[in-house]
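Alright, structures below, take your time with them.
Same chain, two partners: chain A is paired with chain B first, then with chain C.
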Partner chain A sequence: MRHFKSQLLLLLPAAAVYLFFLVLPLWTVIAESFRTFTPGRIGAVAGAPLTVKNYTEFAGPVYATYFGQTYVLAFFASVIAIIIAFPVAYYIAKNASASVRKIWISALVGLMFLSALVRIYAIELTFGSVGILAPFMSFVGVNMNGTAYINIIIIVGLLHYAIPISILIMIGAILNLNPRLTEAAQSLGASAIESHLSVTIPLCIKGIVSAFLVSMTFGVSAFAIPWILGRGRVQFISNIIYSRFSEVSNYPSGAAISIIMLVLSLLMIFIISRIATFFDRT
Partner chain B sequence: MFTMSRRNLLKSAASVGAAGVGLSLARIAGARAAETITVVEWGGDYFEAMKAMAAEQSDINVNWILHTGGSAAILPKIKAMWPHPGIDVLTGWDVSWQTVAREGWAEPVTLEKVPNLADIPQKLLVKDGAGNIVNIPRTITALSWMYREDTTPFEIAKLDDLLDPRLKGKICFPIPTLNQNVQMVSLALYKGGDEKNMEPAWEFVKKLARSGNIGRVANADVDTSNSLTSGETSVTFNNNGTFTELTRRNFKMRLLNRMDPMTTGFRTFYLQEGWCVLKGGNTDASFKLINFLISPAKNEQYNRIIGAMPANIKAAVSDEAKPFMFNNDEMNKYAYVPDWSYISEQSDAWMKRWEQEIQPLL
Partner chain C sequence: MLSKRHTDAGLGVLLKATIALTAVFLLLPVVMTVIMSFDSRNYLGQFPPPSLSTQWFTKFAHNGYLWSGLRTSLLLATATTVGATTVGALAALAISRMTAQWRDPVTTAFLSPLVLPGVIIGFALLMAFSALSAVPTFLKMLAGHLLITVPFTIRMTLIGLAGISATLGEAALSLGANERQSFFTIILPLAKNSIAAGAIFAFAFSMDDLTISLFLSDFNTYPLPVALVGLMRSNFDLTLAAAAVFLMGLTVIILIVLDRIFGLERVIGHGIYKA
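== the complex of A and B ==
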């Protein structure tokens, strides 16, 4: 009992931090999301009547498109990031010497410190409609003014962050892998590819899922990437939230869409975790 | 000669410490002599000009904060911090003042507090519900359509030309929260509507979005200038500051004003920019600094730097701002001053309509 009490006491500071910095602000957002907005004012006025209109206005197909666009682009960026990052992480963890591994990890961590705006403008100056590759793109017949091209550039922008973070996350998972299991599979007749697909990847599934979730989280919450690389023609949910809070001061609507996004993200994490657990068991 | 010993080291450390304390005290004394206020200012030339002019007086030190995005973006931050926003002076324009007046944030402006206000036209002053003046104008800003002649494939003569297929991806169209959507008011006026009847404008913008001519939707003025200077787009609607900046950088810009609005649709919109002193801060020092900055000489100097028209009637207009300067007859013919109070209440509805009807077509 005494041991339990001391544990509880030790938990108190962390619980207090969560309560004050996460639960309380979140509660404020939830409460604001049910208030009626008066045009021309900033946020809901004191004592504004309660309403669910802030939620129902996002029920239309147009906003489903915005949610779809945000999650689909973030999903593709995360999948591509995992596909690129896994072999690199495997090489760093298994094949690189200790000194080379250090260099790789330092470079990847260094890359994380590079300003997001620098990366975004680097992409814009390279792949933008007047970027250095524009003459080549025009020559090969790429429509740089098209929505498909802009979406691809946004995915490239998301990959700039997703790839290094995925590599760093997966290095840990691969390092913990027991090499004897792969060797055992091969000694029982499995080819290198078969042992990789049936032993290595399933055993790294938790690391892969973690990297995927971190990339997805970054992708769906991206703000500057769609803002600049999307040329204002592609809007992520984060851009709409910013517009509601900062440009038109409609806090209730901004709060409602934030809560919808939070619920969707929690749902996504739950589903992916269940899938990962399923693979882990099998 | 310095001999390395424990005593000498301690003596030196004590001397350095004493000197440091002395310097710090001197700095504190200096700081106490001048009051410090916090001012929210626009970036670029606006900030550089204001910083240089504020440095010409020594009574008040300024802690500068720059606007990020449109002028409305700072308002929610003030609301969140109210009644202690940590801001003494806010820079903004007509629409901001409508919101500030409704929220009751402004310290009333009087001639006693700002004697130079006597040289500012009364028409530019915005009042709250109680009849108190909330703003101190410093600049008359003009908003109009403009384009880069060297990257536009033909001479634009009317608003309908924006639908020309030769302008594929060449238009930088401001989002409704930018310029308070007067770009769409200009389209509405051309097609028989006005700011209170925007249907014709929405129909026109739908056609424009479908045409593929909108290459970028500007979320901030910097998007517009970056897009035009890089050559990504050629045609836009923006303020005289952007026009002056691009002209100074030798971009071949053409201003679409002084053209018959009935046949071309090109109208110039006028608004006033200036300051508002927020309640609860260092109001006396704020009014003192502002009074200095809107004196005829300073107002002239500031507007010369940013290429705009001074609000002070005793200040001369620079050559660069003259293309935007209309006489009474021209004002009646080519200019339009919308109902800013009405417009300030439409941001939310217009932005939602943009998201629902225009954005999916881009």
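== the complex of A and C ==
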């Protein structure tokens, strides 16, 4: 019994942090999302009548575009990150010498820790209108202010984080592989590509799904990347929530989008982890 | 057989090209920024710079707006690190003693802020604090930063504690030490590197947070990322490149310290995201 009490005491500070800084604030958001908003005020009046209008206004096609943009761009970035990261991770885990591996891992962990704003600034400087690609782009006739190019730049921004983190996750998965299985497949007549497709990748599927989940979670909650690189032409859900606070002070509407975004994020994580456990079992 | 060998050879070339292109893609923006920060032109011109100078670093050094942000960030990150490390280590200690049936759901609950969009946490805290206008800005931001860094300190401490055999603590207890003595003389020294690694994560993530601070900061108290994004949106010049190079230096220091006390190779597999 004494043991149990001391355990609760140890958990108490953390539980207080989560209760006061997460649970109660989220409860406030839920309550606010059902309040009627009076234009020109900051937030809803206390005791304002309850309404579901804050939710129903997002059923329109305008908002579907924002949700679509967020999920489609995050999905493309995650898929590209996985396709690129897998061979690189395989090379680092299996073929690189100890010193080369150390250099790669240091660089990748460094890129993971790189300040998000430094990353965004560097990408704008490199791929933006003064970047090294600018003369080439104008030569080919690509409009660097067009929405298509802005979408690509946002994917590039997401990839600059998603690729390093995916490589690091997959190195862990590949190091746990038994190399004899792939070798066995190859000695039985499979080509390198066949043996990887039929042996290596299925065995690493859990690592691949984790990397996809982390990239997707990062992508759909991205805020600064679309804010700066999107130049106001392409916006993610995060940016819409922020504009409800900074531009129109319509807190009930911001609260409703936050709840929708939260539910969608949790749903996505639930589905992807289900897929991971499904593969794990087979 | 021949065609298989051809595809394998082709695959090898493709693999090498992918690796090289990935390295270039990841490093090019960093290298570009470093080179551009030494540009001698006093406007943002085409790459490469015609000649080099340190004028942007001088401008950065005299930019009171950015330095005020940096001072707030350092104070905030230090307070966050101390708070998150203590709270997280205590919680991890309690979690590690739980039975398996409790351990998993409790761990998942405590790691949940990692998957929550930062904007939602920032917005929720803003709403909650709007009822309490007397709370100083610094403390509001500290609350948000604690919430997003405690998951890291809990996870890293749990990794450290997992490596310690439970029998060691029990041996100390059976030899007459009380719970506190066994903690300070046995458990803490053995877990200290993991706890320190968690502290580094907390410091780095607090220094880098933009989203939460953006909702909670004001004109007098703002951290460096909020100052940087303000400049980025108003005046995209190379003072920012100099500031970026400064922050890259900070990242390198964090990397070296992390390598010394924890080992970068251990970050893989069970670093922050587990495969």
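Here, the second predicted complex is superposed on the first by the 244 of 282 C-alpha atoms of A that agree within 3 Å, B and C clash if a C-alpha of one lies under 4 Å from a C-alpha of the other, contacts with A are read in each partner's own complex, and residues count from 1 in each chain.
The rule we apply is simple: a contact is a pair of C-beta atoms (placed from the backbone, for glycine too) under 8 Å apart; a residue touches a chain by one contact, two chains touch by 3 or more.
Model, not experiment: these values are computed from the prediction.
With both complexes brought onto chain A, simultaneous placement of chain B and chain C is prevented by a clash.
Shared-chain residue A:250: touches chain B; no touch with chain C. Of the two partner chains placed around the shared chain by superposition, chain B is the only one that A:60 touches, whereas chain C remains out of contact. When both complexes are overlaid on chain A, the residue A:147 reaches chain B alone and has no touch with chain C. Of the two partner chains placed by superposition, chain B and chain C are both touched by A:130. The partner that reaches more residues of chain A, of the two candidates chain B and chain C, is C. Once the two complexes are overlaid on the shared chain, A:269 sits against chain C while remaining clear of chain B.
By the touch criterion defined above, A:188 reaches neither chain B nor chain C.
In the three-chain superposition, chain C clashes with chain B only at 80-88, the remaining stretches of 8-16, 44-52, 80-88 or 116-124 being clear.
Note: residues 43, 130, 227, 245, 251 of chain A belong to the chain B contact set and to the chain C contact set alike, using the contact criterion stated above. Contacts from chain A toward chain B in the complex involve residues 37, 39-43, 57, 60, 62-63, 65-66, 128-130, 145, 147, 227, 231-233, 235, 240, 243, 245-251, 253.
Contact residues of chain A toward chain C in the complex are 3, 6-8, 10-11, 13-15, 17-18, 20-22, 24-26, 28-29, 32, 43, 84, 87-88, 91, 102, 105-107, 109-111, 113-127, 130-132, 134-135, 159-160, 163-165, 168-173, 175, 191-193, 206-207, 210-211, 214, 217, 220-221, 223-224, 227-228, 238, 241-242, 245, 251, 254-255, 258, 261-262, 265-266, 269. For chain C in complex with chain A, the touching residues are 4-5, 7-8, 11-12, 15, 18-19, 22, 25-30, 32-33, 36, 44-47, 86-88, 90-91, 93-95, 97-98, 109-110, 112-113, 115-121, 123-128, 130-131, 143-144, 146-147, 150, 154, 179, 204, 207-208, 210-211, 214-215, 225, 228-229, 232-233, 236, 240-241, 244, 247-248, 250-252, 254-255, 258-259, 264-265, 267-271, 273-275.
On chain B, the positions that touch chain A within their shared complex are 69-70, 72-73, 75-76, 78-79, 98-99, 102-103, 168-169, 175, 177, 212, 214-219, 223, 230-232, 344-349, 351-352, 355-356, 359-360, 362.
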